[in-house]
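Here come two complexes built around subunit A, the first alongside subunit B, the second alongside subunit C.
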Partner chain A sequence: MRFPSQRSVADSFSSIPLDAGADLALKDGSRVAVIGGGPAGSFFSYFLLKMAEAIDLELEVDIFEPRFFTRGGPSGCNHCGGIVSESLVQILAAEGINLPTEVVQRGIESYVVHMDVGSVAIQSPAKESRIAALYRGNGPRDGSELQWESFDGYLQGMAVERGARVRHKLVTGVDWTDGKPVLIENDGHASAYDLVTVSAGVNSNFIGMLKDSPAGVAPPKTTRTYICEFKVGREGVHEIMGNAMHVFLLSIPRLEFAALIPKGEFVTMVMLGDELDQELVHAFLDDPTVRRCFPTDEKPVVCSCSPLINMGATKRPYGDRIVMIGDSGVTRLYKDGIGASYRTAKAAAATAVYQGISADTFEEHYWPACKAISSDNAIGKVIFGVTTLFKHSKISRRAILRMTSLEQEQEKAPHMSSVLWNMFTGSAPYKEIFTSTLHPGFIGSLVWNLAHGMRPSGGNGKVA
Partner chain B sequence: MSDATSPEAGGLGNDERRLTPAYRPSQVEKQAPCQAGCPNCGDIRGWIGTVAQRDKLGLTKEEAYERAWRMITDVNPFPSVLGRVCPHPCETHCNRAEHDEPLAINAMERFLGDWAIEADIPLPTIDGEAGPEWVGVVGAGPSGLSFAYQMARRGYRVTVYEGREKAGGMLRFGIPDYRLPPAVLDAEIEKIERLGVEIELETAVGRDVSLQELKQRHAALYLGIGAQAGRGLGVPGEDGPGVWTGTEFLSLVNCGEPVDPGTRVAVIGGGNTAIDAARAARRLGAEVTILYRRSRTEMPAIEHEIDDALEEGVELVLLASPVRLERQPNGDLATLIAQRMELGEPDDSGRRRPVPIPDSELELPVSAVIAAVSQAPDIRGFEDLDQDGGWFLTGNGGAVGDGVWAGGDALGLGIAGMAIVQGRHAAEALHARFRGLAPPEAPENGKRLVGADEIIMEFHETRPPALPERLSPEERLAAPMAEVSGRITEEQFLAETSRCFSCGSCFGCSQCEMFCTSGCFTKLEEVGPGIYFTLTLEQCQECGKCVEVCPCGFLEVN
Partner chain C sequence: MRDGALGREYFGGETIIQQGETGDCMYVVQSGSVEVVQKVNGGEQRLAILETGDFFGEMALFEREVRSATVRALVDARILKVDKKTLLRRIKEDPLLAVNLLETMSGRIRELNAGLARAGVESE
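Then we have the complex of A and B:
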């Protein structure tokens, strides 16, 4: 009787192709640099260390993040609307990550869609507040309530708990020596790593600096958005907004999307549009539909920014010993950037730990995760295009209002409600939304309501 | 839509209809607290930054050291000396104290001073400014030599008249060798002499030459005569053998004169002279007790010097003041009788006034008493000049009369740094008068002092300061003249410079450039401490992020 040698036993259990380019795999003591300590960087570090521990692999992970999420105002902020989608809240919970109450500024129970023809509230399909409104940093300027905690800071803390080290240093470049990345810090300090993960987002100029690297990455396309914070006071926020996010389908030229989100004592306004400028901001705020819901007179704006968002994937978000995740790589169109950060971070971490860190390995095991997001974005563009058509026609606006109102009041199959819900929350892939619009029930109901849209009707009146 | 690195034009900034106040940045250099704390107003942040930022500036270590040393010597020709003896008020003001410990500025200054001595770097001159005037200086102490240096480096002919046998003044005769080795002082004085300054030793005004003669010989005179006359205690029994003033005693010790204070020495006073005298007496083998009439908090001496004295076995008797000295029949000292004190209301100096406690006498057997209570100028030969109770009274820029200027301890007791700055100010004022220039402006003019709250301290990892190696108390007593405090190593020095926050001055951290997605900040080809980026606001989105990430308080909202 033949017994397999120890070697062959080990081989038979090994799914890790360490032999394929042994150099291009993480080993005990390998050093991993994560550039940018936002959600993508923290998720990546967290999963990388967790997966490494599971196979008894000891890694050294340095997160480079010069900023402090404990600081109020823009210095510790990562500039986004601050909505964590329902699906992500569920996924995080499944990972054992439950967002604490200090992080969640307000649980969102419903969306209110405002149109000139009326407003309609869409309740959370699960009837519980599982969308979180939160601050990425430590809240806007002039925050008088200091009990909140930064979302990004919370995630970073989790990565640190797993063993990552946060270095408050600015990385200003990456050199390549003998095929290994060498990080150059601003003070001239240089250190070599086995793997560099870029999670610097699109609101720093870091990825631009990688243009000349042998990794061959090209930065993604971007566009500007506008975000500002109205200081309203906790009572005012509750009275005006409730536990609802307010979105607007308005026929204002160049306006793509606008929403108001309640958070603590503030209301966050988020706008997407073509060539966003003050004229467009004011056109929105002065619109009668907006004023009916949120008259801005004497509500001071304490913080504003116009961050860039990713509008197209980085061409090749990987190379030997380098991988780009989150907004620096591929993200979802307009919505759920944090969800995309989670997905790309986890896929990159799994590839690095279980498969290897060569360009080919990332292409085989990481790129599919990116491609899935990209393809879904293509469908998303179609949906947003159709929505634009719809919102510019009064008849179709009436139809949407009527269809949604009826669904909400009479507990009918929530065709339109779930389409809108998923679009605004970013909770479902665009493909799923698109598929649901092909449902005969949806089409039938929409045609029926379009016919009714020829004459005016009110909303469901659930709006304050 | 655009490439992330080439932002689109326009956007939400630069528009009157904005909803928020315009958070537009501006680059405003501010005054650093170290500079505000320094009597000499040295650009401490500048010279530290030159070394700390040497890589960004493209300087080798040696180039950076030389440049930094020149920045120090621009205002102070004695970095090696002051790096040892200055009580460094700069460190007391350092914002880093709010984070961990203040920067070891004094130790860094000494490092550079010693480096320049060893590398034999000449003092920097200022070309093309001089005229034919020949200026005279009375007193080769820190004040007189600072004045001489500032005139000579501008090309003036300078002669210094010194009554003693060596130059250096209080630095030589008042500070013991274990704090300031004479070779260090010699080396820095020699650098001043190499600029052409003539020092005529053993030439005292009123003895070897008259003030009138000097006034006629020179276009202007600077008097840096110091305050070398120690004051007595004014108690019965004081006259006779075994009693010295602090300055007398230290001068004897420093000159290597035979001096025997016996086995039990009492030093009266709480200033640096008292501590120096006590430690010098201890090194001669005596049991030494310092009597001070207030509490330790009020002692004006440098804190760590007091600690050093205690480590060496010096006793400290606080809240006690001598009332009489009793002598043996042969005239030798026998007992010091002192009275206990308590602290009353604050006096003019803000310190609490000592009040005698009745019937609270204490006795101390003594072989010698050193009175280090106060000093005054020796104004013999200068009686004609403006004075107030034996101190020179100066007007504008340090003038005590027509063509005569004065500075240093003769105006009022102060630290060496104060004497040096007075010498420099007098030289700058005199030079301006000679050449018909506008009076010089202080470099800090118009700059706002940057506060600790404007610094993002978390940006810097906490790290202990550089501490030099020091002799143990046993080693000190075994080798009485050996320097107590060593020099920090080059590695320590470089690490220490990198602890500087660069308060109120850009050090090129690049965060503004990194986080501005509008490209408002452009890195300069030639950078230097305080100057790294140009700022153009046409694309500014007015988010204010650059201002709020700026860790040194350089950027502010316009």
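Then we have the complex of A and C:
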């Protein structure tokens, strides 16, 4: 596989005329290239074509995606925990996009929070399954014979139904001719486009090609995660996990967050942390709290990966005739990456169809959507920082467990339950979570339970 | 209920929303079918049958009136609840989302007008 050097591609951006932005707009017959056929690329293509049709604008959309999502294992996968948040499930339904049972591996109706001091189940506030656990690709290596549909494949199918064309080609270079981007494919074929939308995530070589680009487009900061699939069997999954996602608040150095997600006959383990390595993975799996919930001795790992995730917004995710969406641009901190893909994809599509495709237009109409996510992430960082402090104090862990358990058992006002639910599910903006921690009821109850947690016998938790 | 099913399962004949109740959410049919009925002169009149992908209860999102009709499952049906707060927050960010709802509501007004016109012709 051949890739042009980063320098040579970056140099190619220097040929973009600085004043090319004036009056740039999509017209009948305009050609749009979408680099990456994951959720962001498919959402963008779907909404772009839907909005264009509404104003009788005829566009040609090519989605460049070398992978086939019908293939099992890494070659057909976009490496992700695979959760569609509660809020996104609802919003997609309002958009007329209802996720079929062939795509959703399990509907999640509760979260179980595990700590060394005990565990507590938090039920969905709506008392129904509104979180979708699914596979981005066609499932783990060992599941190729199973009948299910990939989420990314499903969304891509929607875009194709709208008129998009999928080209299973690798884009290996970008050149600019007469101010228009020209994509060079791995077989040397070159095509000019009116707009290039980058939805290649942060694990693609394409995103690296944009580094140091004179056009001002730059890739975001990243960190590494760890994802693996345990083959447990359908009955085993039901028995151990139920319809719940299991999350862990453990005082393990460098571990930010870990979760177990039930999917069909597999359990997906997702870990986020600082300099995540095998040592940290083993420290987590060997932790007594994890072993109590999910002993892995006889559960084969059938698939694993260490993908990068976006940890900071791209400073300028647009230029003349180019826009970056999803993970390639801005995403939510730790959670709801698919939701951020939907939001940025739709905002970029609306800008391209109704406003224009110049850098100035994207700045005026697309950037506010990115900035809203980015600003909310700043609050998210504070929340996760405070959570880390709480995680390392046994008294605090006891207080969290007791407060949540009492709320769940006695159906009290769900102060802590609501904070934890929204934090783990990614259903609410971080600003809303932060605001709810300022409620006098939350503060009063937390102080009371902290005082109770100081007693030696305080905080005997159980699975509610 | 299948592993991958979203929403809540209602048995055939089970009431999902009741005319006269207050509501703060709308619903989307994920599978099965439901009937929309309204109390008229002590009896019930069926207004519509809704299938997979259709939504109902959306009037509660935009006004503070009570539910104008009863909706019950015709057969076993799976229904997803959409919270008013979640939807309105998103519509504030992205007003285009409301266009989907408006399209359906516009279609329903058109059907209603056609129904009224037919009723007018019959009464003459």
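Rule of thumb we're sticking to: the second predicted complex is superposed on the first by the 427 of 464 C-alpha atoms of A that agree within 3 Å, B and C clash if a C-alpha of one lies under 4 Å from a C-alpha of the other, contacts with A are read in each partner's own complex, and residues count from 1 in each chain.
What we mean here is this: a residue touches a chain if its C-beta (ideal position, glycine included) is under 8 Å from a C-beta of that chain, and two chains touch if they have at least 3 such contacts.
All values derive from a computational prediction rather than experimental measurement.
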Checklist entry - On subunit A, which partner's contacts cover more residues, subunit B's or subunit C's? => result B
Checklist entry - What is the contact status of A:Arg343 with respect to subunit B (first) and subunit C (second): first, second, both, or neither? => result second
Next on the checklist: Output check: A:Gln123 vs subunit B and subunit C. Expected answer is one of first, second, both, neither. What do you get?
Outcome noted: neither
Checklist entry - What is the contact status of A:Arg106 with respect to subunit B (first) and subunit C (second): first, second, both, or neither? => result second
Next on the checklist: Going by the contact rule set out at the top, does A:His282 touch subunit B (first), subunit C (second), both, or neither?
Outcome noted: first
Next on the checklist: Just to be sure I read the superposition right, which of the two partners does A:Ala369 touch: subunit B = first, subunit C = second, or both, or neither?
Outcome noted: second
Next on the checklist: One more residue to check, A:Thr223. First (subunit B), second (subunit C), both or neither?
Outcome noted: first
Checklist entry - Considering the complex alone, what residue numbers of subunit A touch subunit C? => result 51, 86-87, 89-91, 93-96, 98-107, 126-130, 132, 134, 234, 264, 343, 346-347, 350, 369, 372, 427
Item to check | Residue ranges of subunit C touching subunit A (in the complex, touch as defined) | outcome: 1-8, 26, 28, 30-31, 52-53, 55, 80-83, 86-87, 90, 93-94, 96-97, 100-101
Checklist outcome for this item: Residue set of subunit B touching subunit A in the complex reads 1-5, 7-8, 10-13, 15, 17-20, 55-56, 456, 458-459, 461, 498, 508-511, 513-517, 541-545, 548-549
Checklist outcome for this item: So, in the complex, the side of subunit A touching subunit B is made of residues 66-68, 70-71, 73-75, 77, 141, 168, 170, 172, 186-188, 202-208, 211, 219-224, 226, 228, 275-279, 281-282, 301-308, 311
